[in-house]
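Order of writing sets the labels: A, B, C and D. Residues in every chain begin at 1.
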Amino acid sequence: MAPIKHTDLYPTNQYRLRPMPDLKTILGPLTLKNPTILASGIMDEDAGSMHRMITSGAGAIVTKSIGLDPRPGYPNPTIVETPCGLLNAMGLPNPGITDFTHELDLLRNAPVPIIGSIYGKDPEEFSTLARHMERHHVAAVELNVSCPHAKHYGMEVGMDPQILSNITAAVTHTVHIPVYVKLSPNVTDIVILAQAAADAHADAIVAINTLKGMSIDLDVRRPILANRTGGYSGPAIKPIGVRCVYDISQHVSIPVIGVGGITTGADVLEYLMAGASAVQIGTAVYLRGPTVFSHITQEITDWLTTHHVARLSDLIGAAHP
Amino acid sequence: MNAPRITTVHTGKQETPTVKTLTFKDPSPIVPGQFYMIWIPGVDEIPMSVSYISESIKAITFRRIGDATEALFNLRKGDAIGLRGPYGNGFALKGRRPLFIAGGTGAAMLAPAIELIQRKKRTATVILGAKTKGDLFFERRLSRAGARVLVTTDDGSKGYHGFASDLAKDLLKNASYDAMYTCGPEPMMKTLLAFSGQRVFEASLERYMKCAIGLCGQCCIGEGVRVCADGPIFNGKTLKTIPDFGRFKRDASGGKISFSQAP
Amino acid sequence: MAPIKHTDLYPTNQYRLRPMPDLKTILGPLTLKNPTILASGIMDEDAGSMHRMITSGAGAIVTKSIGLDPRPGYPNPTIVETPCGLLNAMGLPNPGITDFTHELDLLRNAPVPIIGSIYGKDPEEFSTLARHMERHHVAAVELNVSCPHAKHYGMEVGMDPQILSNITAAVTHTVHIPVYVKLSPNVTDIVILAQAAADAHADAIVAINTLKGMSIDLDVRRPILANRTGGYSGPAIKPIGVRCVYDISQHVSIPVIGVGGITTGADVLEYLMAGASAVQIGTAVYLRGPTVFSHITQEITDWLTTHHVARLSDLIGAAHP
Amino acid sequence: MNAPRITTVHTGKQETPTVKTLTFKDPSPIVPGQFYMIWIPGVDEIPMSVSYISESIKAITFRRIGDATEALFNLRKGDAIGLRGPYGNGFALKGRRPLFIAGGTGAAMLAPAIELIQRKKRTATVILGAKTKGDLFFERRLSRAGARVLVTTDDGSKGYHGFASDLAKDLLKNASYDAMYTCGPEPMMKTLLAFSGQRVFEASLERYMKCAIGLCGQCCIGEGVRVCADGPIFNGKTLKTIPDFGRFKRDASGGKISFSQAP
């Protein structure tokens, strides 16, 4: 067999001069192969769905937010589209932690980190849930203290820095895995909440959850969602998410994970420059289909290549002075 | 945009004591097997297959089994309902000598497919299975369309005495059907799949649906296969790879319900 | 001359059976000929501009927010478009109340109400400004306590119910004209603020001002607006505005004026059904041009006619249970 | 979308000690008289007329008078600037025997209009007015394009000794110009309007601009006429209805500045 010449392996100059950009990003002990994470509540209620999203190229997966007991969520309509985004009022449907751990067990050997999202009404509930998640091998837990439409859960526990601090501290004391805190933009000052979480030893801030919105049908003259109000996601909210990430990352030293309206590789880059170390993608799974992760990853690769950026991580916070 | 558009009930026709057909104006083009999300304002929004297709008028046919279907049952001409969709893939209908097997309200969504087959000058053989004579519907409609309609009842009150799948098994032995299309209880469809051999096989699945646009994951089966967006019609090849098929579904909370326990 | 026959005046049956719907709406002592009001900050810094908006069909005009002293605002870029809305960081440019009263004097005989928008840093400033406005014959004053990007002014005074209450009370004690309070959606609970304003005898709540957002340019890796963050307006924010109006109107008994993303007659109707007695229109002046008021008014008329609604005011709050 | 798109400086050419032309890639079609909002990141965003038009390359020509123009002046090949636009209406250029009157940097935005006239095989007469010889630019460019170029300087250092408007007055007396196009100090343009009689008259106005998309009202004159969106080119008929013309403009705060006080 003839020896392989250098030019055979690297057929054109271009290839030799431009190695594939490095898309890795680091979140404390976790390294993601790319910065795109499946956001909580989208295609993540069972192992099969999460598996599909992994196959589609997500760098990590956040599970549906899980509580202690099964919860059917709100009656339909639970979702309605508006010209620039979706409103949803799922109402935190989930099978409860006990059932859900079976799903987690099926993902034990998943090739990307699985992040367990949990919601509860007090520090004890959050701690119990986190312990379950840890036992079933999630790589991190994400505290959903920001669902805009679930009574007693979600936002109601995440708007007060003191309560948030107590919950975060309880969980960080309970488990050894990283603890992420997902914040709501429906507050007067998201930075204070981020600081409260960071001071209570959260390992990352996730921003943002959905904005509280409503859509009314003119013909029947009533709000369309059964719950009347719902959480607003999709392209419309991107400028708000970018602003939150920018402000938070200026004031806390832990990583920030950006969420809200990300639909393209350019959107990811905008969040990274605003200070995010990774991003989550929700509504775009609808807008661009389940293969969205590989599309977005490709778009990021193309941009980095065109702009001669070798490492994605070099862009984190680039828009800060 | 995936938001309900309001239409009003055009006609309501009672098919059986518990089954009703509502027609309404909607110009959407539909592939047989697709479904709407039907909003009954103040009550619920539920998936409903299209049971009749003309250019401007569409219909749904449903059994009264709970709040939402009860509310639908009581609607009158002029009452407002909201439509999202049509959603889902619809039947591919590739076979030339098709056998349709309808269990219960499954006849509702198979009817437009059967009518389409007849319009294409192929002849459909249809097994209409019901618990009892009084539950049967669409027999006349399908006969008139030119289909060969065979009735089965679990109690023998009309037609073949037994399950639709039993009659199907018999028919498949003797005649050269090259395709099977079915909608009905999932265990029945699983049984039929076992009989299908090399034939074209398409079955319509029902799962609890919320978003119906492939986002929330509520309706997923197997490896993240979304019944709302990737289905509700699946071919035999796919169904064989889905362990959930005929075994369990999920309730609104995502908890598993085995079909043997299910109502 | 032959007597005019009935059929000459009403040539078809249709006309006879369907009189023009009544678009009037009432805000306390003011009656607007139609519910569309020009929002503050758009084509309203001088009498000529406001005159053009009146000619274009606005039912009332809110002036640019005016402070005690001239203020150049922020450096450019002060505006940037995003796919679903605009971000602006004008920074409250205005010629100061003294200069501005000359503009008001030119509008003394305006055929529609002129509402004077004012901003200040404390109750005294607001009261002084309101007194000037009243002396120069505005029909009402609107307190801008909600600009999301002006340090010491705007939102910073409008996030705290106590401060808001003090400001509102000071102004309502000072002037005899109606006092409107314009609220920010960038708060944890807009209803509490609305109640604080209502309790301090505000005559109407205006909701919403813009949401705080940011847009970053990838090529130069920095926020586009000179002020970095800006206020987000346009279609993207409509679901948030509708939700705020719905929630507020459920909890206060004074009229609510809806603002945020209104671009069509249907959008106006959605706000009215949510509980607004009138609406303000800003970004749509850009999206549809200065004639937007007559277009939207026509769309409302058409809808009311098609739906056999004789009086627009019958729809106010129709989406409430 | 009205957001800056980044391009890089292609060439920079110094026209006079204080005037420079920068070229850059931009494929936008442009009507002479239109302008860009030029973003100098970290400094400012300012309106700048287009001074050169080819299919893929455009240019701006500006005098260094403050922060932003100073920063622009110092840019080098490859430096990034942002563009919004083109904005505004551009010249209608209806006349057949046109007289162009440029005062100061007004020559920058008139040049593409003059070149267009020449390409249309009409002959433009151009008065280039400047304070002094060293401030003149584009004389050669316009002569080469075939225009008849007449120079005036306030100090008589070159060409006609006096104001551009004085020479215009003379020319209009003797020759049969049917159109006047002008850009320069507003009082000069107001004087020219007074001479215009029945001729086509178009003048380009400058006002402090913020949004440049017709929304904020910062640039309005008369009865809400937006210089950014309804202008910046106005015909004589309109200008006669605008009391502000030649009398005052507004600063960034919206306060009035009379042209007699203005720098």
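Simple rule for what comes next: a contact is a pair of C-beta atoms (placed from the backbone, for glycine too) under 8 Å apart; a residue touches a chain by one contact, two chains touch by 3 or more.
Small disclaimer: the values here were computed from a predicted structure and weren't measured.
Counted as hops between touching chains, the shortest connection from subunit B to subunit D is 3.
The chains that touch both subunit B and subunit C are A. Our note on geometry: subunit A versus subunit D, Cα centroid distance of 51 Å, whole angstroms.
Rounded to a whole number, the gap between the C-alpha centres of subunit C and subunit D is 37 angstrom. Shared interface positions of subunit A, i.e. residues touching 2 or more other chains, are given as 82-83, 215, 222. Taken as a contact graph, with one node per protein chain and an edge wherever two chains touch, the assembly forms an open path, each chain linked only to its neighbours along a line. This structure has the following touching chain pairs: A-B, A-C, C-D.
Per the touch definition, subunit A reaches subunit C in the complex via residues 82-85, 87, 159, 186-188, 211-216, 218, 221-223, 228-229, 232, 235-240, 242-243, 246-247, 266, 269-270, 273-274, 303, 315, 318-319. By the touch rule above, subunit A contacts subunit B in their complex via residues 41-46, 48-53, 55, 64, 70-73, 75-83, 86, 88, 90, 93-96, 99, 215, 217, 219-220, 222, 224, 226, 282-283, 285-286, 289-290.
Within the complex formed with subunit A, the subunit B residues making contact are 1-4, 6, 37, 39, 41-42, 44-46, 80, 82, 209-218, 220-226, 250-256.
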